[in-house]
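Once you scroll down, you'll see the structures, which are given as structure tokens.
In the two complexes below, chain A is the common chain; its partner is chain B in one and chain C in the other.
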Partner chain A sequence: MRLKKNIATSEAGFIFNPGTGDSYSSNPIGSEILSHLKEDIDRKELIDLICSKYDVDRIQFEKDIDDFISQLTDNNLLDD
Partner chain B sequence: MEKLKYERPVIKKLITGFTNKFGSQSKNEAVTHIESVNVNELIGKYGSPLFVLSERQIRRNYQNATRIFRTRYPKVQFAWSYKTNYLNAVCRVFHQEGSWAEVVSGFEYDKAIANGVPGNKIIFNGPDKKDEELIRAARNNSLIHIDHFDELYTLIKLSDEYQLKPLVAIRVNMDTGIYPKWDRFGFNFENGQAWNAITRILNSENLNLVGLHCHIGTFMLTTSAYAIAANKLCELAWSLKVKHNKTIQYLDLGGGFPSTNTLKGSYLPGTDTVPSIDQFADAITDVILNYGFKQEDLPLLILETGRALIDDAGYLLGTVLANKRLSDGRRATILDFGVNSLFTSFWYEHKVSPAQESGQHTEETILYGPLCMNIDVIRENITLPLLQKGDRLVVHKVGAYNMTQWMQFITLRPNVVMIDKDNNTHVIRNAETREYIESAELIPPHLTNA
Partner chain C sequence: MKFNGKQKLVIAVTGLNAIDSPGPGVAVIRAIRECPDFDVRIIGLSYEALEPGIYMHDIVDKTYQIPYPSAGIEPLLDRIRDIHERENIDLVIPNFDAELFNFIKIGPQLRNLGIHSFLPDLEQFEARHKMELYEFGKKHGMLVPADRLIYHSSDLAKAAEELQYPLVVKGKYYDATIAYTSEQAQKAFNQLKSKWGLPIIVQEFINGIEINIAALGDGEGNTISVVPMRKLYITDKGKAWAGITIDDSSYTNLARKFIKATKWRGGCELEVMQTKDGKPYIMEVNPRFPAWIYLTAAAGQNQPASLVKMAMGEKVEPFTTYSVGKIFIRYSWDLITDVSEFQIISGTGEL
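== the complex of A and B ==
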């Protein structure tokens, strides 16, 4: 699971896809997840990382990350 | 190490070129208290969903409306529209403030009597008044507003049979320049039907015509229609004086003033478009005061305002059951209350606020109720903070019609709580139970062993 190489992100949560010209915004935790996704990372590693840092129930985060990943996929931001 | 506060990750596509020229506020202020009572504590004590009514706001609305009219016109009387919200505690607040009762059925009439309203302070409207109800209302000196000729002749017949002297008015329908024209109730002004009805009453031995009534519509957004209505009622009253030397005691302009809810399909929010009660009062009282009545003949002005006096005193508290993503990517949020409880979501884009502080990020979502029905939609599109299962929401301005038109469907209706002037909470209607719902059911003998 990896963000496409050409996707530009900023710490402030701005995301730009030069391939389509589309831009996006994300909240801070979304930006943090995107920064992890710049390296190839699997789902479990990502869940462990976030759950160790944030006050969130693991099952809750699993639901949320799956929804987030599906949004990235729908917007064609992840490598196939 | 202490863990950081969590917020659901979210990504939102930025779309340029569609900025809102009105710059509507996207920040959702958390509503953590109603009056001074904590929302979470209310839900903790009385369950979710939960209707909450502010007694203080009801009294404030009533006192404000009466002040507005009484500073413009010498004789004003409000009559609480039972159908808007006939929970007894609500009715009694209005009656304590001095309001009469306006009822539209025998059921409501009985409620008003049980709430201690004297018979001569009950206005009995509506097209369905049964013989025994008419007899009782006549004996109690209630004000019977006749809706149609069949009712008029029934009342004449009953008055003869039972030696009654009913106090009556007729409901008049008319063209006030608005659409739709409410001509299904009462007698028409323009085609002479209203005058015919008046003449018939005057020729009866027992009926005493004391008033004229109209109710031109609901959620009226134009004040000029009330000026036209007042003018036409004045014309009838004037003709009665000139032709029959009969002085009408009151003109009842009915209800129809809107609350500041936003109607579906409106471009601007209700708070920006709805005329104030001052404007309605100006329209009505200017006409009557300038019509030419002698000071001593000025009729009492009765108003049956409902919605505008109660809507903003009511709240519905609820809880997020689930978040989901629809096939086209839209976010959907499922709540623990639906159109069964919040009937007015069929008409309004209700304001909905989170009941807890949240981050600055928002997303568009659809608010669904929990019913297994496709039409169970509370808001088709609303911008809210990133909600999680278990988060609480507050729906605003739900005091009118929901607690009378709600439906018992699939599940049970919730507790209704009133917050009094000292911020004490009182259950004014218990949450329903299965036993309560089934108490009216009977099982035929051949099914008892099924």
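== the complex of A and C ==
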């Protein structure tokens, strides 16, 4: 999965869809995940990356990342 | 003709009512004044003594009142002639739907006086009229909500049966109400009838995201500029109080298609509803610049200044890019004047 090419993000966690004018904000970890999503990455790779860097419960994080990805999908921010 | 920044143009502009549902005049002037290619003297043309633009002396150099559109073309022509004798007007830019018919009609006489304009012809003007838009869309393959023209309130029930509630009940020139029941439709019919006359347009309700597109055509089918804007904040009158430029080729292509089909000459605004499944419906086409037109200048496509150049005979190349993510946020400001100024415009018809 990958963030659509035209989606603009900032280090502060701001997300802007220039095609619709919609904007969103995310927290620092969301922003970090988005930076990984600028390149094509699969779910497992993403989970491994974050879990190796932070002291986080893997099962909880898997639930959170699924929720986050589902929000990105619902808002049409990921490549089909 | 090529401007070099030294020419002084005298440009007459209407639509100075910068109120909560603003006319485009002040924004048009602001954009024109920002263009470095020419110097301008702005003549405001007003209808009422409390139009704020009259008192914005850094925006409008001198204002003259003109007769209401309902007075017809002769009084308007007489008044413009009179103003022209004193001001030597180069160009007139009308900005109200209701006055455009008259200004288009007197275009040849104005031209004989040496006053330029850059307006659609009557055929183009009528084709995009609310009352003709559905047929226009059908003819040119553009999505337009189905509608019915209603002359008697008793016809509402039949229209509702065909189009189903909710319906949009629209005035001939301005105003629209969403009606969910026959009572609401009846009330809207009566209000709009007394305000704008007949017919009333009853239109299929389309749910979606509101996008407005400001576009400028050269009259030969070419689009000189097109800038789509997503409304971010909408007033209870349905006007954009904040908006952002967006990048979606389906909107720019739609505007280009409209301009090509009509050979539109001048500025226009397409009001579009993008449905959830991505279909852009044209809800309305306004035959003049919108009140948010300054955003086009801020985004790098100064449509009013380009119109001035084309009206004065300069060939303008189509713009190819604009800044995406440019936001306008409208605000209110209490302009202070004095009864001494108010009495001059009220008593003499000029300030």
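Basically, the second predicted complex is superposed on the first by the 80 of 80 C-alpha atoms of A that agree within 3 Å, B and C clash if a C-alpha of one lies under 4 Å from a C-alpha of the other, contacts with A are read in each partner's own complex, and residues count from 1 in each chain.
Assume contacts are C-beta pairs under 8 Å (C-beta built on N, C-alpha and C of every residue); 3 or more make two chains touch, one makes a residue touch a chain.
For clarity, every value in this text was computed on a predicted model and none was experimentally measured.
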item: Fit-or-clash call for chain B and chain C when the two complexes are aligned on chain A; value: fit
item: Which superposed partner A:Leu46 touches (first chain B, second chain C, both, neither); value: neither
item: Arrangement angle, chain B at one end, chain C at the other, chain A at the vertex (C-alpha, nearest 10°); value: 90
item: Which of chain B and chain C A:Gly21 touches, first, second, both or neither; value: second
item: Touched partner set for A:Leu72, first chain B, second chain C, both or neither; value: first
item: Which superposed partner A:Leu37 touches (first chain B, second chain C, both, neither); value: neither
item: First (chain B), second (chain C), both or neither touched by A:Asn6; value: second
item: Touch count on chain A, higher of chain B and chain C; value: B
item: Chain B and chain C, minimum CA distance [Å, superposed model]; value: 5
item: Chain A residues contacted in one complex by chain B, in the other by chain C; value: none
item: In the complex with chain A, residue positions of chain C that touch it; value: 209, 229-230, 232, 243-248, 324-325
item: Residues on chain B engaged by chain A in the complex (per definition of touch); value: 3-14, 323, 325, 329, 359, 361, 386, 388-389
item: Residue numbers on chain A that touch chain C, as the complex places them; value: 6, 8, 16, 18-21
item: Partner chain B, residues of chain A touching it in the complex; value: 15, 22-30, 33, 53-56, 60-61, 63-65, 67-68, 70-72, 74-75
